[in-house]
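Same chain, two partners: chain A is paired with chain B first, then with chain C.
This part shows the complex of A and B:
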């Protein structure tokens, strides 16, 4: 369960990107957040993924309020969230092989011992072959790299997933394949999902319900 | 019909080319030699004609060779590329056609790029010079391409902006002050200054939201309606459906089907199983991915490159199907009735 309650966030306190946004995602639910480019939905996604601290308002994850952190949210909460961004090229360390990329979160949390076993589960789940796993980002296509980024987001078995325009760069078949991989994971684990994007057809097909960006805002803040 | 016309028509028929094609591509192949003796076959035997006022959409998965094909047409490939085949660009007003693949850099730079072929780039924000206003970039291009006198330049730049529906009030802005849609229009305005008869649009809608995709696509269509030939390279099938007259589907470096857009997107549908799979992956259709992934362009199979993922593949598919009658498949599906 994720609850954003009248959240204000931005990169400069005097001119926040948005004021008073509210959104709830129930346990196991998938919600698609729709809005035009530049509306602030990516900033909201970063808040929901605990990557950006809101200036005001409450963020409640599974009953725990997580607004009171300073530089980074507490680790046990951060690791409960998996995030996939729009641009795999900028989201992936160019020096790592795709295999290293997939299990990087395990290494970063001191669970290196589990890496090989988890890799064997993750790679087929996101459709990566052994040949691809040995390559570095510049040797694979955007679609293949985004598969690895999705695998990385699932590595720690998050209870909660945020996908910010995950498929905006991808062709129709890769889009359908990545969405299927997310849904298989959610069926297995009951994880909740916030998918942010502008593709109405896609999010309506993918998610339990969709929310228009302006409906997250209080009446006086709507564009 | 004069004797000269008859001769020209005969020549066109014997070469199998549409007589009025602005661009006529035959057997276009691009190979990259890598260290260690590996070869990447980025484009193999591509062929198509593109007429004035027509929009051909080249669609396919990322990495299938679409953008390499566009770069080959502009002579913008890196040094380790080897090209073969022909790409005839019709000459201006009766002048001889130019083979874009055989032309030297001087010809391409002085007579082709910007003047006879306009490029609408993939990421306009990266294409525009960040430290100069849109007006200054338009005027520079006007000067370089048309040699318009200084006083007339301002007017010419404003006209070009108007043709691309770029608002005059934003001309004195810098690229970072523009939204994605306006930056795309600024880049389009630059591509239109030379009044080129052929426009290459390489993924012009990537990263734009749906309303902007529609608007950008409609604007490109308008330039085709003005008599230009438009080659739209995209993975966005919805954009292709919106504006294309014909669709060419590329898979693993080869064009596997060329079909009229109304049939391709209509109830009959495409005939190549790959093209059908691409459409079935759309969220408003079956939303099912094509199983597996495309082959490496450095390790293409002997036969049909799609066979390992194809539901209809048989032993026949271990030999490569010829591209005949706008299709390269041993088991084409009949158009759905």
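This part shows the complex of A and C:
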């Protein structure tokens, strides 16, 4: 269970982006968070991904409260949440090849020995052909790069997946391929999903339920 | 933006000059068993000739030989001072930028404190603490030049550490150390490396300035600064070459090293590397 309980967060304590937001994602569930640009969806996604510490409220992940950390959330909890960002260009280290990008989380967590085997699973799962794996981010398209970023998010087999406008930069066919890759992963692992975006049609078709962002808070829920 | 041909021309011309300079300072002194300090008053202030291509100075010493020895000392000062200043500056800047908080505030106030003193004055203070020699000059240049590198590296790290690719690395379980070593340092290396290479000629100029003021190397020891300082009276008497050749040896390697720095910057940038098909 991923639970945000009356969370207040922002980049300046005096003017938070949102106050008192609550959202729950049950195990295995997929939730779409809809809202207009600038309403605070991405900040909420960063809080859910344990990348941004809330100023107030509780964030509970599988029964463990992870609200109060000093510099960053504990590693074992961070790695339980996979994140895909909106813009693959800024989300990929320009010096790494796509192959390095995909297995970087394994290397960072001391599981170097598993890297080759996991790469062989991940690349086809996200639709990356072997000839693309040796290329660097500036040598591939946005869609190919976003596939690699999704692969990186899945590398550690996270129990939670946060997709912050993952398909906003992509064409319809790549969007469909990425959504299919996420769903295949979820079917295999039973992972939960929080998908943030403003494509109402896509999120309603993709997710078990959607939450509409209204009056500065995620409010209306639709089955 | 330079096309690949201009890029190659810049690389090879700069490399040629730097190569010739390095060959001269490394090979000539051990091969030519001549004393660059040997005085021969019967040959003083001879103009350039086949026997003395750079002429002789006011004590009859061969200027070509003294210039080679001088360049050797000046390059040594430049390289070591730039290396020390860059390593210290990068470490301080990266620590300040990556750790933030009180570490950042403390380190940057230290940088501000050093910066508030005119750096020639601070350099003079450092050399005045020791007996004249090469190492006090190196220390003086290094102490006054790590500040700009620290600022450059800190600002780069500050801008990088909020980028999504760093957040993705943190989310993927990277420790602070791994984020710094794997993602931040490689990204700031082009700037730090460029600052280091550009600092070499700058440090050579500082050695020359200190020696010119009589505060650098002992006056009998050949360094480019000492050569220009010793040639001052000859210049006023109408003899140009004792100043011209050490001056040229300061300017030409400076430009060549700056040229190589530009090439290096292009090679460290993955996007430029692809464009140039290096």
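Here is the rule we go by: the second predicted complex is superposed on the first by the 215 of 223 C-alpha atoms of A that agree within 3 Å, B and C clash if a C-alpha of one lies under 4 Å from a C-alpha of the other, contacts with A are read in each partner's own complex, and residues count from 1 in each chain.
Note that in this section a contact is a pair of C-beta atoms (placed from the backbone, for glycine too) under 8 Å apart; a residue touches a chain by one contact, two chains touch by 3 or more.
On a predicted model such as this, the values are computed, not experimentally measured, just so you know.
Q: Superposed on chain A, are chain B and chain C clashing or fitting side by side?
A: These partners fit in the superposed model.
Q: For A:180, is the partner it touches chain B (first), chain C (second), both, or none of the two (neither)?
A: first
Q: How many degrees, to the nearest 10, separate the directions from chain A's C-alpha centre towards those of chain B and chain C?
A: The vertex angle at chain A equals 80 degrees.
Q: I'd like to know which partner A:113 touches here: chain B for first, chain C for second, both or neither.
A: Touch status of A:113: no partner.
Q: Quick check for you: in the superposed arrangement, does A:51 touch first (chain B), second (chain C), both or neither?
A: Once the two structures are laid over each other on A, A:51 reaches chain C alone.
Q: Which value, in Å, gives the least CA distance between chain B and chain C in the superposed three-chain arrangement?
A: 6
Q: Check chain A for residues that touch chain B in one structure and chain C in the other, and list them.
A: None.
Q: In the complex, go through chain B and note every residue touching chain A.
A: Contacts found on chain B: 60-63, 179-180, 206-212, 235, 237, 277-279, 281-284, 287-290, 292-293.
Q: What residues of chain A sit close enough to touch chain C in their complex?
A: Against chain C, chain A makes touches at 46, 49-51, 71-72, 75, 78-79, 81-83, 85, 87, 90-95, 104-105, 108-109, 136, 138-139, 149, 152-153, 155-156.
Q: Which bits of chain A are touching chain B when the two form their complex?
A: Listed in rising order, the residues are 36-38, 86, 127, 129, 141-144, 168-177, 179-180, 198-202, 204-206.
Q: Sort out for me which residues of chain C touch chain A in the complex.
A: Against chain A, the touching part of chain C is residues 163-165, 167-176, 178, 182-183, 186-187, 270-271, 274.
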